[in-house]
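Each structure below appears as structure tokens.
Next come two complexes, and both contain chain A; in the first it sits with chain B, in the second with chain C.
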Partner chain A sequence: MTRAYATMVLLLTLAACDEQTPPTTTPAPAKLQPAPAAMPRLTRAQYDNTVRDVLGDDLSLPPTLEPDVAFEHLLTVGSAVAKVSPRGVELYEEAARSLAAQVAGKPERLVKLLTCKPTGPQDSACLSQFVGEVGDRLWRRALSPTEVATIAATATKAATALGTFEQAAEYALVQLLQAPGFLYRTEHGQADPAHAGCKRLTAYELASRLAYFLWAGPPDAALLATAKDGSLHDPKVRAAQVDRLLADPKLRRSVRNWAGEWLQLHDVAKLNKDPKVYKHFSSDLGPSAREETLRLVEHLAIDTDSDFRAFITTRTTFVDRRLAAIYEVPADNEKGHAAVTLPDYGERRGFLGQVSFLGHAAHPVSSSPTLRGAFVRRFLLCDFVPDPPANLNTAIPEPSPEAKTLRQRLTAHMNVPGCSSCHKTLDPIGFAFERFDGIGRYRSKDNGEPIDTTGDLDGVPFGDLDSLAVVLADSAKFRRCVTQKLYGYGVARPTVAGEKSQVDALAATFGKNGMKVNALMRDIALSDGFSRLACAGAK
Partner chain B sequence: MRGCLPALLALILGCEGTATPAAGDAVADSKADVTFETKVAPFATKRLFVLDTIKFARQKPPGTVLGWDLDGKVSTADDKATCGKKDFVSPDGVAGIDNQFSLLVPLIEASGIAAFESLLQASVESGGVLLMVELVGLDSLTDDSEVTVRIRAGQGMPLLGTDGKVLTGQTFHLNKRDPATVCGKGKLVAGTIDVGPFDIDLPIQVFGKEYTLEMRGGRVRFHILDDQRVDAGLVGGGITLSSIAKIAKTAAEDQGNIDDIVESLTGTMGDLAQDATGTCTQLSAALTFTGVSAFFYPADVTKDKL
Partner chain C sequence: MNVRNLTRRSVLRGLLGGSVVAIGLPALDRFCNDNGTAWAEPGSDGFPKRFGLFFWGNGILPDRWVPKAHGVGGAWQLSDQLAPLAKHKSRIAVVTGTRLGIANTQPHGAGAAGILSGRPLLHQGGDTTFAGPSIDQIIANVIGKDTRFRSLEFGASAGNGYSFNGPNSQNPAETNPYALFERIFGVGFTMPGEKPKFDPTLGLRRSVLDAVAADLKSLRGQVGTADATRLDQHFEGVRQLEQRLAKLQLAPPKLDACKVPKTPDKAYPDIEGRPQLAKKNQLFCELVAYAMACDQTRVFSNFLTMPVTNVLFQGATTGHHELTHNEPGEQKEVHAITVQCVEMFAAQVDALAQVQEGAGTLLDHCAVMGCSEVSLGKTHSLEEMPLIIAGSAGGKLKNDVHYRSVGGENTSKALLSLCRAVGCDLAEFGGEGGKVSDGLGAIEA
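The block that comes next holds the complex of A and B.
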């Protein structure tokens, strides 16, 4: 496949994508009205996992690919609406060539992928077998005989010119790895026998969606086998496969991936603070804080299968020496992260007491009740928070004898026309965290003054972070928001209004079942909304 | 030579103080009834501060220097009991201050190794000199009728802050040569405590070599600024010349004829603990310090390390 051809195919595919951006503003119906088909591009994490799972986990992965973009705050959802730049196409091609060369250039790697022994450079039968088998895994569906023949023919030409079977295999891989069938999760759907006039995912598409949801990677041979024979549409087979996927260690990487996207941990890893203001800052603090949060999510969702309200309320966290120093608790491990129990008399608890939140939702030189309040609303309550208008002066008053603390200064700012509407919904939440500075260290005073951390969350009062955590964890909005974020991650496209009833039902079950993330993932994977597509005439 | 000097002069202290967090993980058993209470942290009766800066007490003006009256008398140049060593006056006018080492400081600096003090500080920041003061039985950070002070020693590479100093609140291993010396019980008055005398063997590591500095009749004083820092620290006592000689001899294995140089510098400087032959076997000294809060790893973690 030439570069021009590959580019054309990608661009054509992208053009098709654009038309499939689903609506998000239609009124909520009483019954599920599934979303139209989408064609999400593999996110960077999914790309890496697919390459590793299929071609070998020792490959050097491409340093740069077309960047992911978030939609509804999730990269996986953004993958369904993102476009690929011309440079991105080039990067995919370069990556394909690099990966193919690594596989073909090391006999032990190639031999793992071959189920036949090539008799010579132009052993077309063995080459076709290789293309068919590896292609099925990379494209997550059975390649048609024509597709196999086309790829094998091009590869055979390479073998003729270059003289080895390995180079034929390399050229076959180059084609497979830059094709839309690999880079995109195509979801065209098929007629849904249970809902006349409507569509559902094909079995292969369903297998892919399940695997990328529960493993953040491609379906394995067993799952593809149920797609090939169509049995995956049988509810019992689907449930059995979902349970198998949930029991696999690869679940961990998907849970981490989801949490990373949901909580914006990619930004946390790049945390930057003014070193003159925050002595505890170092370049490894961001990655360390990110890992702390991921460990907590793993601990609750996988290791202990706990009530996920604990994500907000728990006194358990996972710290290394640097984080322990910030939290002023003894570390329990010389290297890496280890569980510690925070004092139950302190305010610090749960995710909202972590640097991932307190340091991330803050300015480089100070705390920010506004940013912290906005984070809670956007990511934990799924409220819509608009960005400030571009021409709005967002500067808050400097400290004065009348307004020494940040809270006092922000309260004055709230009276400025154009600012008050947002600040009144954000700051009262953010004030709860004011006893934690911009990097997350506890402080008893702000600018020499006592700190007032009282506030209310949509009318429910709280005294500080400690009590806000309880209010928040018990709120129906938090429960639904977690459900929404996990559902969006699962279906890998924007959620449409017609799915509101589906998400509501999942959230209700999530609550009834003790807010177990593992069970929620299962419910989502088995839900109608997960596998059905829009009906004819649906807007 | 340079490697030995911090070891020679680093007379200091240390302690542990683990404000162990209360156990009990309130895992998500929250109710929507929003009766929040103001929780009050139980007062931590044990505190540990690691020394983050250590400096020599210098004479300024000449004859005036920080330190203690270790032998309980004001000595003059003709006092045989102090081998003819004259005492100094403290900045606040107290006579009889024993700090003969302060005479060596300008000599050391004049000898071209003025980075000596920096080297000592570097040893603090690289974990070679991880000394701590521990307060036990605290009821208040300002006034307390009886508080026990211990000197402890840590081990490991400290995390440094963006200012290059040892970070507040970090965790260390207990040094296998931890002296755990009880310096004494004292009164905390307006945040300041002063205890002694005590004898202690201070473990020090310089350039990978372990040394022991013997201090006799020592005293320590410091001021608790808040729950995270101490300042105005002063520690001093009589450093045995035999331990100095031993350190010099060990250092000489790598540093040439350092033992001869040290002998020439300190051999006649003793002013305390005169023996039967009339030789003063200890050199009075004092160092200033500040400290920041610290913790020790649990014993099982440190056990593996040791």
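The block that comes next holds the complex of A and C.
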């Protein structure tokens, strides 16, 4: 697995901007060749949700854990390569102790997790029952009797040293929460009866993958029950469970989590602008912009089950007073976000008209057609955008009588050899947004000059953001990119070449069925690529 | 001694040799004496050696950084950008003219991996990570085992910092001085010389870690090579934590220099969009100086700012990174920011020099490496790398010297010297073009 990634990586590094898709060594197979087993480390979001779902939704979560790792620009994909550093071990230990103490120290929390009434500090039957039941939920599988006994042994030591059953339960939790069974989603697989010589996820592993995909959290008791009796392998049972998960309010949590990873909203939350240049900036603008984008995704994917092209083209957005001032629209709410309709004669529409994009893909004191173009390519079209060559000065020329606007200055820059091959693929997209300044406010002039926003997206011309949005939303690349981002998020590991046909097929169905994200999630959860594992002899 | 050195070298070579090396972890036990303490040796005056890293993003202006003359003592004078170190000239070494030997595959990112780990940046899945451990972690592996904290990572504007234990394994930096204070001097701190309060939970925590280590070992046998490597590292972290907890009930010897600093403020709001870098840095510097005076740790990393940072410095008209590329002419603003970074490095040096330790100061027992990921930020140059070393690591490093490398030697050579000076007897440092097996003799005492 590692070698395959490494080869791909090397080629990616060498690819030039002229080629927008990274070259591969061999043509992708026409039929699915499933990926090998993975061992994702719970992402921060999954950790939090698992703890809250199983132990109590009012727990204070740890302030810091080891950072997530990005791979294919997704943290959930990076979870398959993330390690645990020495500091990470300390943080997991502190977190486990804090969470366990919160549960054991508050009788109403502990009583919810206990199905027996302890007769005393050394009630080993009740202790083992507690370990078995809570352990199954935290580890997302049935603990073996040996595993239960090992944890109960530590807990019994605690009861002896500290004197109460509650403290025994506390140390059982301290151990459960630091164990690899909790921190990793191990996928060993089992022989796949439908494909000789190949493997598939075990029913427990499949239950976990489904739950973390659709809920960003652990399987509940009902889903675990279908894993325990193996019925989850039955396509009808699997479909029924997937439909149940999709209908649950916890779907919202995962859709938000996915959108946050996909659109780099963790960076948006840290938006940094010079308040001397942008008087609309304050440190809470970033979190506010992040929420706007999440609300739009929820609105389209869950509340209205809309065609997802609207993510790029809609005039609906969700603003608080801060954003309303930047968009120059009325704010309905005193506090929080409310839906507004942007004027249909304006250029601003969809995600590309939001501060999450316009402000994020920009500099602290100016806009940046290059950063905006690169964002569109990387995250909305899934094009490969190499880093700029390191040995060049990337400064753009200063304004001059011949080149006053940023576009004119960048065009001069594009003539520098070594810069042009990439800039010509990025800037022409970015020029579409030039009537929005570095924070996303509309402006009609740049440096006193009128602004030219025309350009083309891979040969299809557009006039400004308003028309670019339509070109982009209708493109096959956008459709496939959304599919790939959701698929990668679902399988929680890098996608291998053998899965190309699977992702292509999912993208085609997504297009045919009106680009409903909900239906795409269902198709992914029921797809072979989601549950099958590599066959013997596969590279 | 020779046998031990050879074995230590060969294992460290294995450790540093790349992510696919599966080491038999329990074998490391042989480097510990019967008390489970590590084999790091104190300096000749009995004080342990410490290592510090001080990092800022976006480089320097070489024309105003490199001192005009080179040599020892009166032969050289500080440059414009090094001027804030005037008070400590006799306690520092400046190394110029070296270059990173690794490929510059990503602006800033490649340089950061190159200077801190001596290895090329690892590109994976459109994202990047370090290919090997950063110098602070290489050193912490050796001299970090005796103290309550293996190493401390922090920084006024650090993000997560750049302390890596290899690919996809990062020790996140603390960004709030109050949080760092609580970690060091809050619950769990015992004043050296006093008997720790009996804590019945320490034994339980160790039992838990033992069980977790056993689980990791058992899982390791059921996964592929790449995942086994991930579990090896997790296992080693668990084992080290367990060993450190074991020492917390031993009464630590009295340390005259130890005192608990003042509790820092909890919040540091930006002022006019500018973070309070100098104030936070000052507090961090003092905290870590006392953490070392109290022997709570022997390794720290201070990530003042990160590469590509667009943080708004005091007096700057825009973000630091943007200025490095777009400020025309002689880049007065970039210069002023670099000087601020060196001032904050000087604050770190000063905090260490303020602590009396034996006949000298804490600084005398330290080697603090000040660096950035590029030299000239404008061109992401990896030639003429900025490197300042403060302290002599107990007499192992030369001070008051400007060493000018004429042939563009590999910067890793200086890092190897630093590792060796603080007690890591490495055979080599870095990988691929960044790999060296010789130190920089000119800075070794």
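Everything that follows uses one rule, which is that the second predicted complex is superposed on the first by the 512 of 539 C-alpha atoms of A that agree within 3 Å, B and C clash if a C-alpha of one lies under 4 Å from a C-alpha of the other, contacts with A are read in each partner's own complex, and residues count from 1 in each chain.
We take it that a contact is a pair of C-beta atoms (placed from the backbone, for glycine too) under 8 Å apart; a residue touches a chain by one contact, two chains touch by 3 or more.
What you are looking at is a predicted structure, and each value in this text was computed from that prediction instead of being measured.
Of the two partner chains placed by the overlay, neither chain B nor chain C lies in contact with A:243. Shared-chain residue A:458: touches no atom of chain B or chain C. Ranking chain B and chain C by residues of chain A touched puts C first. Of the two partner chains, neither chain B nor chain C is touched by A:229. Once the two complexes are laid over each other on the shared chain, residue contacts for A:306 go to chain B alone; chain C is not touched. In the superposition on chain A, A:281 makes contact with both chain B and chain C. Shared-chain residue A:325: touches chain B; no touch with chain C.
Of the two partner chains placed by superposition, only chain C is touched by A:66; chain B is not.
Counting contacts by the rule stated earlier, residues 275-276, 281 of chain A appear in both its interface with chain B and its interface with chain C. Interface residues of chain C facing chain A in the complex, by the touch rule stated above, are 20, 104-111, 123-127, 129, 137, 140, 150-151, 153, 160, 163-172, 174, 179, 200-201, 203-205, 207-209, 211-212, 214-216, 219, 222-227, 230-231, 233-234, 236-238, 240-241, 270, 272-273, 310-312, 317-319, 322, 325-326, 328, 378-382.
Of all the residues in chain B, the ones that touch chain A in their complex are 18-32, 34, 36-42, 156, 159, 161-163, 165, 167-171, 173, 228, 293, 295-298, 301, 305.
Remark: chain A residues 275-276, 278-282, 306-316, 321-322, 324-334, 340-347, 349, 460-464, 466-467, 469-471, 473-475, 515 touch chain B in the complex. Touching chain C in their complex are the following residues of chain A: 1-2, 5-6, 9-10, 12-13, 36-39, 41, 63-64, 66-67, 69-73, 77-78, 81-91, 93, 97, 150-151, 154, 157-158, 161-162, 171, 174-175, 178-181, 184, 186, 188, 272-277, 281, 283, 363-366, 378, 384, 387-396, 398, 494.
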